Structure formats: structure tokens, C-alpha cells
Amino acid sequence: MPQAEPRLATDASQSLVGRFRATRRLMQDLLEPLSEADATIQSMDDASPAKWHAAHTTWFWETFLLRDHAPEYALFDEQFPFLFNSYYEAEGERIARRNRGLVTRPTLEQVLDWRQHVDAAMEALLGNPACADLIELGIAHEQQHIELLLTDIKHAFSKNPLGPAMWDKTHKQAPAQQDGWISHPGGIARIGHQAEGFAFDNEGPAHRTLLQPFALSRRLVTNADWAEFIADGGYRDHRLWLSDAWAWLDRRDIGSPLYWRGDEHFTHCGWQVRDPDAPVSHISFYEAEAFATWAGARLPTEFEWEAVARGQDAPQDAPSFEPAAGNQLDGAAPPQPVGTAELFGDVWQFTRSTYSPYPRFQPEPGAVGEYNGKFMAGQWVLKGASCATVRGHSRPSYRNFFYSQQRWQFTGLRLAKDI
Amino acid sequence: MPQAEPRLATDASQSLVGRFRATRRLMQDLLEPLSEADATIQSMDDASPAKWHAAHTTWFWETFLLRDHAPEYALFDEQFPFLFNSYYEAEGERIARRNRGLVTRPTLEQVLDWRQHVDAAMEALLGNPACADLIELGIAHEQQHIELLLTDIKHAFSKNPLGPAMWDKTHKQAPAQQDGWISHPGGIARIGHQAEGFAFDNEGPAHRTLLQPFALSRRLVTNADWAEFIADGGYRDHRLWLSDAWAWLDRRDIGSPLYWRGDEHFTHCGWQVRDPDAPVSHISFYEAEAFATWAGARLPTEFEWEAVARGQDAPQDAPSFEPAAGNQLDGAAPPQPVGTAELFGDVWQFTRSTYSPYPRFQPEPGAVGEYNGKFMAGQWVLKGASCATVRGHSRPSYRNFFYSQQRWQFTGLRLAKDI
Amino acid sequence: MPQAEPRLATDASQSLVGRFRATRRLMQDLLEPLSEADATIQSMDDASPAKWHAAHTTWFWETFLLRDHAPEYALFDEQFPFLFNSYYEAEGERIARRNRGLVTRPTLEQVLDWRQHVDAAMEALLGNPACADLIELGIAHEQQHIELLLTDIKHAFSKNPLGPAMWDKTHKQAPAQQDGWISHPGGIARIGHQAEGFAFDNEGPAHRTLLQPFALSRRLVTNADWAEFIADGGYRDHRLWLSDAWAWLDRRDIGSPLYWRGDEHFTHCGWQVRDPDAPVSHISFYEAEAFATWAGARLPTEFEWEAVARGQDAPQDAPSFEPAAGNQLDGAAPPQPVGTAELFGDVWQFTRSTYSPYPRFQPEPGAVGEYNGKFMAGQWVLKGASCATVRGHSRPSYRNFFYSQQRWQFTGLRLAKDI
Amino acid sequence: MPQAEPRLATDASQSLVGRFRATRRLMQDLLEPLSEADATIQSMDDASPAKWHAAHTTWFWETFLLRDHAPEYALFDEQFPFLFNSYYEAEGERIARRNRGLVTRPTLEQVLDWRQHVDAAMEALLGNPACADLIELGIAHEQQHIELLLTDIKHAFSKNPLGPAMWDKTHKQAPAQQDGWISHPGGIARIGHQAEGFAFDNEGPAHRTLLQPFALSRRLVTNADWAEFIADGGYRDHRLWLSDAWAWLDRRDIGSPLYWRGDEHFTHCGWQVRDPDAPVSHISFYEAEAFATWAGARLPTEFEWEAVARGQDAPQDAPSFEPAAGNQLDGAAPPQPVGTAELFGDVWQFTRSTYSPYPRFQPEPGAVGEYNGKFMAGQWVLKGASCATVRGHSRPSYRNFFYSQQRWQFTGLRLAKDI
């Protein structure tokens, strides 16, 4: 096990090869604290098993890089594509999503063997310029699944009445965030990916949009803020809620963020006392919208958020997920929002923008084109990054997206207002 | 039966009093061809009984006008508000939506008595300037329910294996539409209601937005176009469909617009042979989006549509729903798209814009504020008007909205493309 | 109002012709208090519209008598069989059960015309000995639908928040029932239909069974008894309930018989104060079983019940449903249990016997064979009759049957115990 | 691998202590071929994880024996009862059944430690006469869960597209069964447990019942018989099916026994070619009933079956589940019906008897009384035993029970007919 390996840093200054290796290792390191059973189960349809993430990302490399670009390469196992394709219709039939947790075979060990096999085969392609773009995509893809692995296993552990911990750590204390508002004069703003470097197709084409004057809060809404909302009857006042949201509250009997129980909340370190100063997380769009109405404010649009973020240069320093190599969280805390990340990091921030194509957007041809475009209906754009996002993964133009009622990600909010 | 009664025309040149009376009469005229049973049943959760529409609109006048502004007025029946409130949480408890079809009492006759009673009481308020805005709202509200009555009863009749007809008429033959595209150079466009006259709160505030150059089709997609889409395997090619749409197709086993059967479709006049040249209708957003992709085009945004419509002056002439008074459709055809309405009329046209608040939108205080704002999530904006819309009801800034899978309205599409 | 009109009496002493005519008239009389809308709606999947009952029974005569035995007869309307076949697979396709309430056309008037047409055509067959058995079956079938019409419309009216009344009557006061137990020494008992006269196929073949000594309560469980059960926490004590029943209670949030509300219950005469001395009704098998356990007793088997009933001769005097002709309930009360009917009448009594074929049971060949046999799984046998049963319809060997959770019939219980 | 270890034999001649130890060891041996992930997952609500079976049976000993009868005993872990109570309401809250597959912690190793701990503590009670009855019950209980573990893991593996094998073995070839019928003259038969030795409460009280003359087939219905039924359109002929069964076929799109695929079926040894001569298994009651009708026969009653079985003395020799100790299936085949077991063994045989209490049945007081009585509704009695039943577990009075549509047990049928 390499000891001198630097910490994961996927900024553009690092080589593609370095980032490929670090990302692959990080996914694998996260499996270490998990038993084979932990890595296999699926706690809801929205979540996937940890082993599945480890395998699906490997399938991605095998399918779109090795199969298509390494002529000699033979599939490790003919049956794995059926098991570990996620949603690429063009790549054929696949196991029903809700049955992912029933795949005890191949074993975790077999999946790790596959990873090793694919990693070895990939070495020959890493220097191939014709593959560079796909490799960038594969790294970003695996980073997304690293975040999902973290949030999916958190959800799975939360369903266990014993509330097991993935790591025996304590979380950092949240420092007080800076109050106040960042004002923006409005006008025409450049939106979308424009810098050198990798971006997903959904971040472009770059284009201009017209903004009204507005202000964005310097700080994220905190657990203490949310407790006040609850104490004020926020969950029982229909005037604060969208019509669909009100029906959802009633049907699901919801009265607090996911993972709250008394003064505690569930974390990767088990049940912990909540820090009032920490950013609230694990809320749905519906709850974010209701809170903003209660607070006399509103959610920002994705364009407003990006316009403010463009003036900042934060992403490389954001305290998002960054375990040391060698599978030890030495020093580094497990993912938990603490509120020091400025715009980026800590929690994904809901916007009032639906996830729609930018003007002149065209999906890529072929199976890779299914990456983003086909999800552009019924979801909301979230900006920033979360404490479970791999450092360097996000950027101002990044567009994350979830449905109105989903809560298992590290989702929070930053208020906006008209000025 | 008044013979000299002019046709319904709700343009601004007509008096408020005239429009109130004509709208109230039209709703009532539409009940004439219906048996008491026809008027009572509810064929799905999205639809309401015809009697319910007649009663709910009456409840609106009684609640927001007479109760609040006519000091002497006593409720016609204390129990009716519970039965005929639709979704106004601020106005108290109400019958579950799915049970509306079980309300056989009050009878249709009692509801008609209530209408007469309320109409008589309203006369004293019609000249009251303090009430003018609410009366405008009430008229627009009743016009919306006239359209819903027409589409809901069409759906109900369609579920009867006998396929009964509401009217024994034949539909007009659709003339060929004009081909070609209307180009727009892009730039900053004024959006939202800005003229004198009534508009819903969701049409404002007026604001500016930035458009890219685009073109909008001069014509609506026709039944013949759609047949070609089907023949080309459009419903079976996953590449054309959004991910949620593809799951919906599969779950519901959908392969054509609603109401299609062989060469026929279901109409207010029973099963009729489809006119290939008529605009396709009763399609979902999902289908509209897939068709546009298949056609190498896209849906317009609501802003693009409105920018084009601003240059036109069509609404007063649009062949939307316009029966003669006296309950006879003499000459006038029952609602069925024929394709002569330019931008307005014939079918509501899907846009690629989600139904969201305009910048600085604020719902009105009180129950009336529940009119639009609380539905601003998960739905799509439709522009134009349909053959079942009361003439004069729509305008360029009008925003209709439905969920992705709903099809029972006269919904169609007009393609757009980048230039 | 015709005074000399004889009351309905379907005992064997009356002629087949007389019983045919009286039964047909009774069904029709029950439609009189109903509006066309009342007669059309369907309040749940288990229930059917009143108009449907009127039509389906007519379909039975048309199909199994006129079509098969009257060579000249032409169908009244070719489309009616599709609409009004209930469950006879051998008779072809039919409308989905849950959509019966959407059939507003044919109108009630058209259905009544059909009835008249079929009744007239039937006259020629009434004296035909080859048809006598089928006519007996048809009469019994129509009597069953008379009872269903009564219980289905009660359910439909109960879902209307106004709680409308079918009749403006008051119910008879329940006399105190006689206490005590009827002992039976056990031994071999003759079971099943053995007398002359009509019986359903499921009542045979007659056979012998072996009974242990037991006792059957002289009286039905009353509303007062049930109130005591509730007050004692009966609905919250898991020890009293079958496992499936306990899950049902929880899922449906059940804590009293159907139609109870405070001190009232819903009746054909609207909401009325409950009579403590009247037999409890509208309970499920699950509730009957739990009550019996709570009372330290048990439900009888169908064989025990029948063995006791054989010694009695009550059915012809039972106060089951018996309105005067001419559509007036003069003197006669609307169906409501009062507790004077000995074993028969008032309420159907749950047994601990599942609805299974008797030894050597064989369904009849052809569509008529679908009458009973195919329902012999998952249901419970009920004995006796109810206040909504047509007088003379029941007999000691009669086997009614419902699922464990159904409550919309007049179902009650009579306790048994081992001795 | 210990060679001198005697095979499992739970016949009455063996000591209680010996049977306790052998049963406990067998459960544990069955976990050997499973990975931790295999042992943890739950493939449907009806099934439980293998680890759960290992833990739940341990909970039974800890709760009803050690807690109640070993004064010094302290719970191994205070949280385990919540996790591993199955359905005993009297023993408090417990995890929702459908979430059993999410309990990755405690680990399998911890559960095995618990087993060891409990086994050690049990040694002191094994000789205590006051505990003998409960120990017998505990052994029988654990044997039932051994069978469930086998059928549940088979189901789980079947949902994995790879079709993994629990054992790499081949199944025995089925010998031809003996044709013909066993006639019974009818008359009064003694039913229920009457011998010395253990029986479940639901097998008593012993009582008499009256039988008609009948015959029971000497052989079980085979895969070849079933293939003929399918070829003859058996799954598509409504006349053969109960009404609920027909709806179930349609809803679930069923056309063969569970685990059939082409000429293969799924077994504990993976996908294997079906043996035409082997008894059919994994059929539902609905299918058994339809087949019997198609064959011109019927299902036996539980009383008929028992009356024939009383004259036989087969259970000790039945080839039910009997792996060698030491965790190797050396010589012994994995569970798969082969048809040599006379009445007992191979497959559970559906009867036409619903699972109801015998006359004068009373559940035991306390939590143990929840063992059987509360399931006496809606299920069918099955007689015999299956190839997955522990040898010696069954007897003529044994009553197994399942719902009409369940198929994941080794369920088959033996025809009966009237003579």
C-alpha cells in the first residue's frame, strides 16, 4: 500500500492519470469499513448497494473505454453488464433497480478482483489522447458514485434500529457562519461552463441570461434556524407549502428533516447530538421552499447562484469529502456539514430552477448521451457541493438535480431575496 | 328563452355586467344535454362532475363576493361550502376530491336553484367598484371551469363502452394549415401581463428576459404528423423519451394519444373518424417532448411563444368555444380542434418551461392567494388556448399548467427550433 | 295507492308466476325513491349501482331464459350484455367492475323499458315446465340483487357528507331479546338442502356430519354489547384478534362497526340514534371473531347453526325486507335490525366455517355453473338472513358468504359455546 | 470434519438433549455455504434472511427458556429482542417484517456468538423436567425455521440473474412412483394428535369426524403431469379456476409453477433440467385446485389425508432434509423432491381444508399461545412434509398452512376422488 500517495485532489493541475488512480482508490477505501453484508443491501429504490457502486463504476470503464477502445480486451465476466448497467437503455437489458440488493453473488471479493483487472487494463489507455475526454467523464462519474455510496450507506444504516456507525469519529464543531447578504445588481450574466477543463454536457452551452437585482445570504440555514421553524408550527401551516408538498407531508407524516430524532440526528458516526450552528441538511425541496416562505425570503435561481459564485474562487479549498489514503480517516472527519465552505461544500443548495436544458443543448450521440439529458423533467437544480462531494468535483456551473421529495442527500439551503 | 341574446364575447369592450351574465348562462347551457346522472359522475381523480363545476363556481361567488361584501347575505345552505370548496385550505375542510362523484344530493335541480339565488344576489354587487376586481376574477374562474366541464364530461363519456355523444353534430373539416416558420431575432423581450385589463396573478410581474434567436412553427402538429411518428416506431424508441416518460409508457402501456382507437377518436359527438389535417390533441408533455425530438425540433419556451404572440392580435377572433345562447349549438360546432386559430385556440401548446413564479411574484394575501402560487411545482406551462376555451379568456401572457402525464385537456404542440 | 295488492310472499305455496311478478316489481319499487344520479353511482368496488342491479337481473332473464328458450326473441340491445354481465366468464367480455358507476347511458328510463320488454317476453315462458328450474333460479338471483341494491345504496348515501335518507321513516324500537342458550347434544346431523323446493347448488349435496355437544345463544349480540366491548378496549387488545385482523385494524384505523358515529349510526333513513337493544350490524368477520373471544365464547360452525335451525320453522315469518307494493313503505319500516327474528332475519350471522364445497359437490355445466362454485375460497359462511333479505328467500341450508373484512352487509353475530 | 458424528434424527427414541443439540447444529451447518451477504438479504416480505432465522430461533430459547427459567441469566444483548422477535405481540415492539434484510449489524459472527452463548446457557436447563415441554416446542420451532431458511434462501438466490448455487451437487433421479388409488370406506375417523410425544397445539384436541368413502392417489402429481396440464391450456381456461385465482393469474401473469424456465427449474444447486418423473413443487393452492379440476379429481380434505396416513408408519423413514453433520452434504442430496416418500416427505400436499381451530381448541395463555391460533383465517392446511423438512419433524396430525397464492415452499399435490 503506497504511503507517500498524496491526498485526493482532482484539480486541473493534477494529471489525468493521478486523478484516475486517486478516484479509483477512494471508492475502494470507502468499502473498507463495510462488511460484505453492509456493502450488499439496498435500503430503498432510490439508493444502491455500496458493492453496486463499486461494480457499476467499473462497468463504466469496461464498457465505454476498454470495450470500445482497447481492441484486445475481453470482458471480465459476460454477465456483469446485465447486473451493473444502471440506466443506459442503449447498453441493453439490466436488472430491475429495486432488485439490486439481492445480488449477493458476485461477492464483494469478486467485484474487487474485477476492479483490479479493469484498473490494470486501463493503464494502457490512460495516456491515449483519444480517450482523454472519456476518462475525464469516467472520473467525474466515479466521483458522483462516491458521493452516492456515502449517502446510500448512511440511509441503509439509518434503517437499522441499532444505528450502527461507519466510522467511530466525532464530528467537527461548526463555527458560527458569517451573517449578511451578498448583493448583486442584476443585469446580463454569463451562465454555463466556459472555462477550460471538464464539465458535464448539462452545464452548457454557455449563454447569457438577464437577472434582476437580488441578494444571496452569506450563510446557510442552520439546524437552529430549522428548530425555530418547527417551533413556530412551520410544518402545520398550509400557507407555507406548495399544494403537492402539503399532500406529501400528510401522506408521509413528516415533521422534521430526515434523520432527526429528538436532539439527535443520524450520521456516519451513528446517532449524534445535533450541532445547532451546523447547516441543516437532508431536507427536501418542498421543505426548503416552505422554510424560505416562512423566513420572508425565497430560494435563489440557479442563475443567481452561479452569478455570485463566478466572483469567487472557492471550490479547490472547499471542505468536501477528503479522506486520507490508506483507508484511514486520520484527522479528517467523516462527512458532516459544518458551515465553513462558503458557497461550495457542506450541503447542496436547492434553487427555484427546474432542471431543464440550456438553450441549444444537444445530448451527445450514443449511450453516453443518456448521461444527463433524459432526466431533464420534474427535478430541481442544486448548486454548490456537499461534505460528501469529492474535493474538486464541483464548480460554479455544476448542476446537481433531485426530485421534490428526495431527502437522502446532504441537501440544505441558502436564502435569497429581491432587492 | 331569450332570442336576441348576443353570443358570448368576453372581450374588454363588453361590460363587466354583460360578461358576468353571459358566463353564468354559458355554464348552465352546457348542463342542458346532460342527464342528472351524467352531471354527477366523476371518471377519475383529475376530473370533477359537471354538477360540481356548476356548484363550485357558485360557491366562489357566494364566498368571496356575497359573504365578504354583501352584509345581508345569508348562505343558501350551510353544508354546501364543505361539498363545493375545491382546494382553498384557508376556507376550511372539504370533501375528498376523489369522492366528488358520490354527491348525488343536493340534486342538480337544487344546484340550479342555488345558482339562481346567487345570481340574483350578485346583481346588487355588479355595479360596486370595490368588487370589480373580484368579479373579473370570478368570471375568469368560471370560464376555466367551463373548459374543465367540457373536458371532464368528455372523459367520463369516453369510459362508457357505448361511447355516448353529448351533441349530435359533425365536426368542421380542418383546412390545411399554413406551413413554415416564424423567425425571431432574439434579444430582450418583455414578458408577462402589461396591458390594461384583467390577468391572473401568475402572469406577472411583467419583466424582461433574454432570448436567443429562434423560430416557431406556423402550424400545429397534426394527426397525420402523429400517425407518421407512430408508424416510425416513435413510441418504442427509448432514445426519444425522457427517463420518467419511458417508465410511464411502459407502466401504462401507452402507444397513441388519448381517445385514439383505430382510425377514430372520441369526441363530444361520440366516436368519429379522425381528420388527418386537424391538430393532434390529448397528448401529454412526455409525448410532446418525444415527438419534438423525433422531428429534429424542440418545444418552445413560454417566453419564446409569448414574444411571438405579442406581435399578433389574434385572441378575439380565435375559434375557441362559442356556443350560441339558448342551449343550441346552431351552426357552431362542438369543441374540436380544426387548426385555423393561429397561435390561439384549437389546442393548448406545451412549452419547455416549468410553471414557476416570475421574478418578484407574490401571492395575494388570504384565500384568493391560493389561486395559482401553490401549484408552482412539477407542472409545465401551456400557451394559447383550446377549442374548449371560452372566447376572450386567453391572452399572450396567459399561463395554463398541467403535469407531465396528463392528457385529458385539448393539449397539442407547436414546434420550435434554434436558428 | 293500490290497497288490495298482496304483500310480497315468495313461499312455496305461492305460484311461480306470482313470485316472478312480485320479485320483479319489488326491485323496481326500490328504484322509486332514487334520483337517476342516486341509481347510477358506485361508491366502492364491492358495490354496484342500483341501476346496474336492475339491469343485470334483466340481463339474467334475457340471457338464460329468453335467448336460450324463446326462439323468436331478439336482444333488446346488442350492447347491454357487455355492460350488465357480472362475472360469467362463459358469457364473454364485460365492463371492468370498478367502472360500473360510469355508465350513465343507457339511462334509468331505458333500463326500465328493457325490464318491461323482458317481463312481457317472459310471460310466454312462465308456464313452460322446462323452464321452471331456471325461473326459480332467476327469482332467487333477483332477490339477492334486491338485498345488494339495498346495502349498496346505503353505502353510497353514507359517503355523502349530507347523509341523505332514502326514506323518511323512523325505525321500529327493538324489543328485548330473549336471553339464554339453546343446547344441542351433538351427534350425527343431516346437513344441506333436503326438502322439496328450490335451493342453490352450494347447499348440497345433503350429507351427514358429526357434531360435538354445543350451545347456541338465543339472542344476537346487540349494540349495547358492542359498546361494552369497545369500552373495554376490545379494539386495542391484540390478544383478541387474528393476526391478519390486527394488521387490518391498524391499516384501516378501525375502532367501531361501519356506520357508527358517536351515538348514531347511518341508516336508510339517514343518521339515527342507535338503539342499544338492537342487534349490532355491519361488522366484519374479523370483528365478530374478536368479540366472541372477548366474550369467552366462539362463533358457531355452519353445521351447528343449521342443526339448530332444522328444529325450527321460522323463515316464513321472519321480519326481513317486505315493503308493501305500490312503492310505499306504509307501515313497514325500512330495513334495520330489531331483533325479533329468531334465527332468521335481522342480520346475517357469521360462522367459523369457510365457504367450501360440500362433499361430492359438482357445479352445473355451462355458465350457470359459475353461480357459486368459483367463489369457494377465502370467504366465510353466514347463516340466517337479514332485515334486507326478501321474505322467503332464506332457509336453514342457505349459505351466504363474504370476505373477512367486508362490512357493508347487515352482518352480525350469534355466539356459540362448547358444553 | 468429524466422522463419527451421528446423523440428525429427531425421532422420539432419541433423547431430548440429543435432539436439541442436533437441531441447533443443523441450523448452523446450513449457514456454512452462505456468505455474510447471502445470509443477510431478504428477497420478499414473506421470506426472512438466513441470519434472521439463526437469530430468531436463538431469541426463542433466550426468551421463553432462559429469561423465564434460568434466574441468573442476563440477556446477551438488550437490543436483540427488538430485532429478532417475529410476531409475538405480547413480547413487545419489533422491527417491521419487510425491513429484516437491512439488519447488517449485528454481523453473522455476532449472531453465531449469541447462538453459542445461548447454547451453553441452555445446557443447565436441558435436564430440567419443568422445561421439557418448552424445549420440545423450541426444537420443533427451530426445525420449522430450518425449513424456512432453506426455502427463503432458495427464493433469494432465484432472484439473482446469475442463479447461484448453494451446493454444487446433482439431484437424485426420481424413480417412477407407484400408480393407483388407496381406497377408504369412510365412516367415523379419529383426527388430531393422540399419541404420546410432542405436537403443536393446533393438532388438537383429538376428535372424531365423519368421512364419506373416498380414494387417495398413491402418487404425487409429477412435473410431467403438470407439463400436460400446461400444454392442454390449463392456465388459460377460466372454467378450471376459482374466481380469485383467475384474477391472480391475470394480475401476476402466471403460466407455470414458480422457478420454471423452459425445461429447467431453479434449485439449491442452481438452474437444473427438470426431471419429468419428480413430483411437481412450488405451486400455489390456486394452481393445485385448478389442476385437480382439470384432472377430473379433487384435493383431499385434511381429514381424509390423515385417515389414510394413520394406517401408515412412514415418517421416520421419509427422505426429508437430512444433511450429514460436519457441514458436508456427502452422499446426501440437497432438498429436491424425488417421489419416494409415500405420504410423507417430498412436497407438502395441499388439502381442500382451511386452517381452522379443531373443536374445543384453546390457545395456551401467554406469548406462546400466539404460536398458531392467531393465524387461523384465510389459509389452507397442507399435510405430509417436504424434502426440506427435518426428518422426524412431521407426523400424521401435523398441520402446515399457507395462503392461497404462496408458492415458495416445496408445495405439491396428491389427488383424491369420491368413490
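Read from first to last, the chains carry the letters A, B, C and D; within each, the first residue is number 1.
Keep in mind that, in the parts below, a residue touches a chain if its C-beta (ideal position, glycine included) is under 8 Å from a C-beta of that chain, and two chains touch if they have at least 3 such contacts.
Just so we're on the same page, UniProt names per chain: A, B, C, D = Sulfatase maturase.
Everything quoted here is computed from the prediction, not taken from an experiment.
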Checklist line | Count of contact steps on the shortest path from chain A to chain C | finding: 2
Check: Using mean CA coordinates as chain centres, what's the chain B-chain D distance in Å?
Finding: 60
Checklist line | Gap in Å, rounded to a whole number, between the CA centres of chain B and chain A | finding: 40
Notebook entry, point to check: With chain centres defined as C-alpha means, what is the inter-centre distance between chain A and chain D in Å?
Noted result: 46
Item checked: Set of chain D residues in contact with two or more other chains -> none
Check: Linking chains that touch, what shape results: line, ring, star, complete or other?
Finding: ring
Checklist line | Complex contact set, residues of chain C against chain B | finding: 35-41, 43, 79, 82-83, 95, 99, 101-108, 156, 159-162, 164
Item checked: chain A-facing residues of chain B, complex -> 87, 89-90, 188, 207-210, 212, 238-239, 241-246, 285-286, 289, 352-354, 356-357, 359-360, 374-378, 404, 418
